[in-house]
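Mind looking over this structure? Questions follow.
Going in written order, the chains are labelled A, B, C and D, and every chain counts its residues from 1.
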Amino acid sequence: MTFQEVISTISEQQSGLPFGGEVAQYIDELRLVNPNKFGVYLKSVSGEEAYFGDAFEAFSIQSIAKVLALSLVYKELGESLWKRVGVEPSGNPFNSLVQLEYDSGIPRNPFINAGALVVCDIILSLYPNPEKAFLAFANSVSGHSDIVFNERIAESEKKNGFRNAALVNLMKSFGNIKNEVEAVLDFYFKLCSITLSCKDLAEIFQYLSIHGKHPLNGNSIISESQTKRINAIMQTCGFYDEAGEFTFKVGLPGKSGVGGGIIAIHPNQYTIAVWSPRLNKKGNSAKGMAFLEEFTTMTTLSIF
Amino acid sequence: MTFQEVISTISEQQSGLPFGGEVAQYIDELRLVNPNKFGVYLKSVSGEEAYFGDAFEAFSIQSIAKVLALSLVYKELGESLWKRVGVEPSGNPFNSLVQLEYDSGIPRNPFINAGALVVCDIILSLYPNPEKAFLAFANSVSGHSDIVFNERIAESEKKNGFRNAALVNLMKSFGNIKNEVEAVLDFYFKLCSITLSCKDLAEIFQYLSIHGKHPLNGNSIISESQTKRINAIMQTCGFYDEAGEFTFKVGLPGKSGVGGGIIAIHPNQYTIAVWSPRLNKKGNSAKGMAFLEEFTTMTTLSIF
Amino acid sequence: MTFQEVISTISEQQSGLPFGGEVAQYIDELRLVNPNKFGVYLKSVSGEEAYFGDAFEAFSIQSIAKVLALSLVYKELGESLWKRVGVEPSGNPFNSLVQLEYDSGIPRNPFINAGALVVCDIILSLYPNPEKAFLAFANSVSGHSDIVFNERIAESEKKNGFRNAALVNLMKSFGNIKNEVEAVLDFYFKLCSITLSCKDLAEIFQYLSIHGKHPLNGNSIISESQTKRINAIMQTCGFYDEAGEFTFKVGLPGKSGVGGGIIAIHPNQYTIAVWSPRLNKKGNSAKGMAFLEEFTTMTTLSIF
Amino acid sequence: MTFQEVISTISEQQSGLPFGGEVAQYIDELRLVNPNKFGVYLKSVSGEEAYFGDAFEAFSIQSIAKVLALSLVYKELGESLWKRVGVEPSGNPFNSLVQLEYDSGIPRNPFINAGALVVCDIILSLYPNPEKAFLAFANSVSGHSDIVFNERIAESEKKNGFRNAALVNLMKSFGNIKNEVEAVLDFYFKLCSITLSCKDLAEIFQYLSIHGKHPLNGNSIISESQTKRINAIMQTCGFYDEAGEFTFKVGLPGKSGVGGGIIAIHPNQYTIAVWSPRLNKKGNSAKGMAFLEEFTTMTTLSIF
């Protein structure tokens, strides 16, 4: 079967099924999304494309953008990055603040909120115009030119961002935040505000499936080793408190967002993005997880 | 022996002794204080006064001001205050953030930082001009008219206040902070910026030694029951992680500040304030503790 | 009013009132007690006695026995005791294990379970026949001769004592338990198994109201300073997570047990014991607390 | 290059290099091992074998045995196993006890000590003679017949096993341990006492590289899905607090033990076991990690 046939088959099989879950409620921009949206887009390293449903409609990618931010700072700082953030999975969310206390302000990995806030802080230190620099990087990795921040979403996030403010203040008390607290939070909320389609995501993250190379011109965006490490971190830390479950069921490195999006990478094979806004109890797209599980089962292309 | 004789005797006995300890270092206004300052002032309920040393020199009272803030909100809210803050001693400081997580944003007592921040938030909600209202109350309880905030100290505190900002943001994420984070922090740092002398402190807190009555006109500032409760909270929670030690050694309700001041109350007997800037490892005035221990031993007026 | 008149008055006033609460359920010996039992017994330093209700009926004193165990080891070790257990109140019970981790196996105070287990371990190290030595001490402090362990209660406690076993094992991993885990647990459960009446308790703890002296022969059981410290620890740590509340409402040093008993000490004045099996949510006798609150209010003999 | 050529090349390259690290010290049986031992053994799914150094010498496999125990209970209970133990990586070890508190006695995964203790408890419930049943399973998966417990190591482990005893008691207080505490601990320490060579390990764990099939007769030991899940758990949880690091550097599912052994699985390709007793700060074999990193780099057979 071609990828398109697999995607169509599963999408039809699952089209009538109830996957449960609730759309994220804490901001209007997520709460008011049509909960029945569903899109999937695959881009293989050989250039094959396959898709289904709302694959071309932009949605709030939220934490998926953290992979781009990590790629940018890793490219700039190299291995010295790991002095400020770890690479190990974290325990349950209850422990996030006490973990920072225990580890003197060093977050466990770059995908928990504390870690992504440190990554944002580094970007602020690196560039005179950090927002512009980040967008330039995000656009450059795939030949896109239209990635922008959504000010309205960023504003809504900020109004509910007190826990993130607690994290960044605590880390600043330990000296692991170098810029102004407000500036770090503003950048973080902007990072999480980007809206993209499944097609966009599958294209943008191609470099992670081809050893860090640009899909169009073959230039190195990040090194092969850095690509391997980012994939490894996605494998162990990409799905909040469900990384183990995703590793088992889907068996691919990936990253989810509370907007219901998931990007998954099969190194040397393809990138695949899915979108379905209803979230399971751990905060990951319920139908998105089920689709990817079936997809790797049918293609028998899991890494395990 | 009269109180004056006891105070003079102990002060002379202890004058040459090394009590160790370090002056608080985190802001200039505390770091640059002469570490050898020492003052003590007692005011008995019968009107007797006794003092020694730098008893008339103003210093940064810091957390001691939290007793005034608590008195004001308790007077206004009555027992409903305890829905937003507890009355139990807290464990070690390591647990302060995890405790807030576990108790859904309700601090253990009004003297730990988190609790005092909630008290500040309540004051902001109560008055159109909270700073003026607080100073009016502080001045009124003793016939003083000159208590003011020290803007320079407040400013320095704020520059180092990231842990407090973490606490207030975390509590706001739980809904236990009603005003803007910045406004709560600003008021809190102003509260901690007040400078007063030992004489001032002994006079201002007289109401806690006379059942909540005003020392000059006999009017009720807070009720007898409220006075008893505030004294009880000072007994169990007034000395950071050394409340048990102070209860044993001194045996009086009291409250310390990182400026090296301590106010202690002997209900129906007297108020006594001491000041010596060097702090022991738990953050309380080393010589101040030693003086009060000897004082209650010689007067055999401990409550135990 | 005489003490007897006060006790009779309050007992009658409160006799019809519902104080709610539930009898401890975790072992048969507590669960099957008549929940309506109520007794009170006061012994003043001048020899006055007053009582009401089931004051002469023995009940399971549980944690109240920890005060006797503490007195014995404090008498033997002096201040070196505090190297193995602290004197500060603890936070909420959730933190007990993590507190031991953080403080490398040193419990916060001798009345939380971990602290009492260390006290038991010390008794095991001190005597060739620890049970006999403890009972001899317990009997000697008041001229009693009939205090014994209740094997059946001890056995039941042990069957439910897994959390205590976790605590003692964790402390042993830090080197703060010197004897066999099983031996420490066995002794601890025996200590908690003692049954006494309100009259017994008021008599046995007289030494804490008279500076550590034996009530009959005036010999020193523990020093005056040790007495003061034990009272101080009871004040700040004697009522699980309700020490602050008890300090406010009753204003006396004391210790409660899950059998519904409470002993309270008014230094230089009296000892008073109450018993009512229904416990409030914090694990203290609901009616017992209410009775003592009214008692110190009517006698205006609170220490605050 | 053949596997043998790769193994020989790396072994020679690394033979003079200092990898640092310390041999585990807590029991004699580990402390007294020659720290310079080094062995490696590979068994490919096509039957190819390759080895180097002390590949045929038995050593204490410690936690590696937990993979066998997990396989056995997963085979027997199926998915209902996950009611009693999770599949998510845990945070740092400091949190292990507080995590159990927070999650009501359910460990995060079967490879942290708490989780392995639950697995042992299940084995005790499943069989009248659990030790015999476990050894029969362990021997059967590979045609071995000589796997036994090492009583002396088990005894030594037990003498230092207080933290494990704390864990099992805490879980029992939550009802997640069904058998006697002592019996669970005894079985656990026996499980960890097994000694095997690199060759043995590479042969025994072949079933995890061939979809759960027996390498000799092709019978299903565990299902294909169960195999995938166990590999996934090894990937995210197999290396204490270094699972993320191992995932990046080596990129294979695996499990280490404090004896200095590591087993790694490349699904559909091979199993490989290494042994070098010196441990890095996270408790994993320092040279073993370095060897496997170089091995997957040279063979470019990482899963990322």
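A few points about this structure:
By definition in this document, a residue touches a chain if its C-beta (ideal position, glycine included) is under 8 Å from a C-beta of that chain, and two chains touch if they have at least 3 such contacts.
Keep in mind that this is a model prediction, so the values were computed, not measured.
The chain pair with the larger count of C-beta pairs in contact, out of A-B and A-D, is A-D. Averaging C-alpha coordinates per chain and comparing to chain C, the farthest chain turns out to be A. Taking the mean of the C-alpha atoms as each chain's centre, chain A and chain D sit 32 Å apart.
Centre-to-centre spacing of chain A and chain B amounts to 48 Å, using the average Cα coordinate of each chain. Residue positions of chain C touching 2 or more other chains, listed in rising order: 94-95, 98.
With chains as nodes and touching pairs as edges, the resulting graph is a single ring in which every chain has exactly two contacts. Touching pairs of chains, sorted by label, consist of A-B, A-D, B-C, C-D. Put simply, chain D touches chain C in their complex at residues 94-95, 97-98, 101, 162-163, 165-167, 169-170, 172-173, 181.
On the side of chain B, the complex with chain C involves touching residues 86-92, 94-95, 98-99, 102-103, 108-109, 228-229, 231-233, 235-237, 241-245, 247-248, 251, 253, 267, 302-304.
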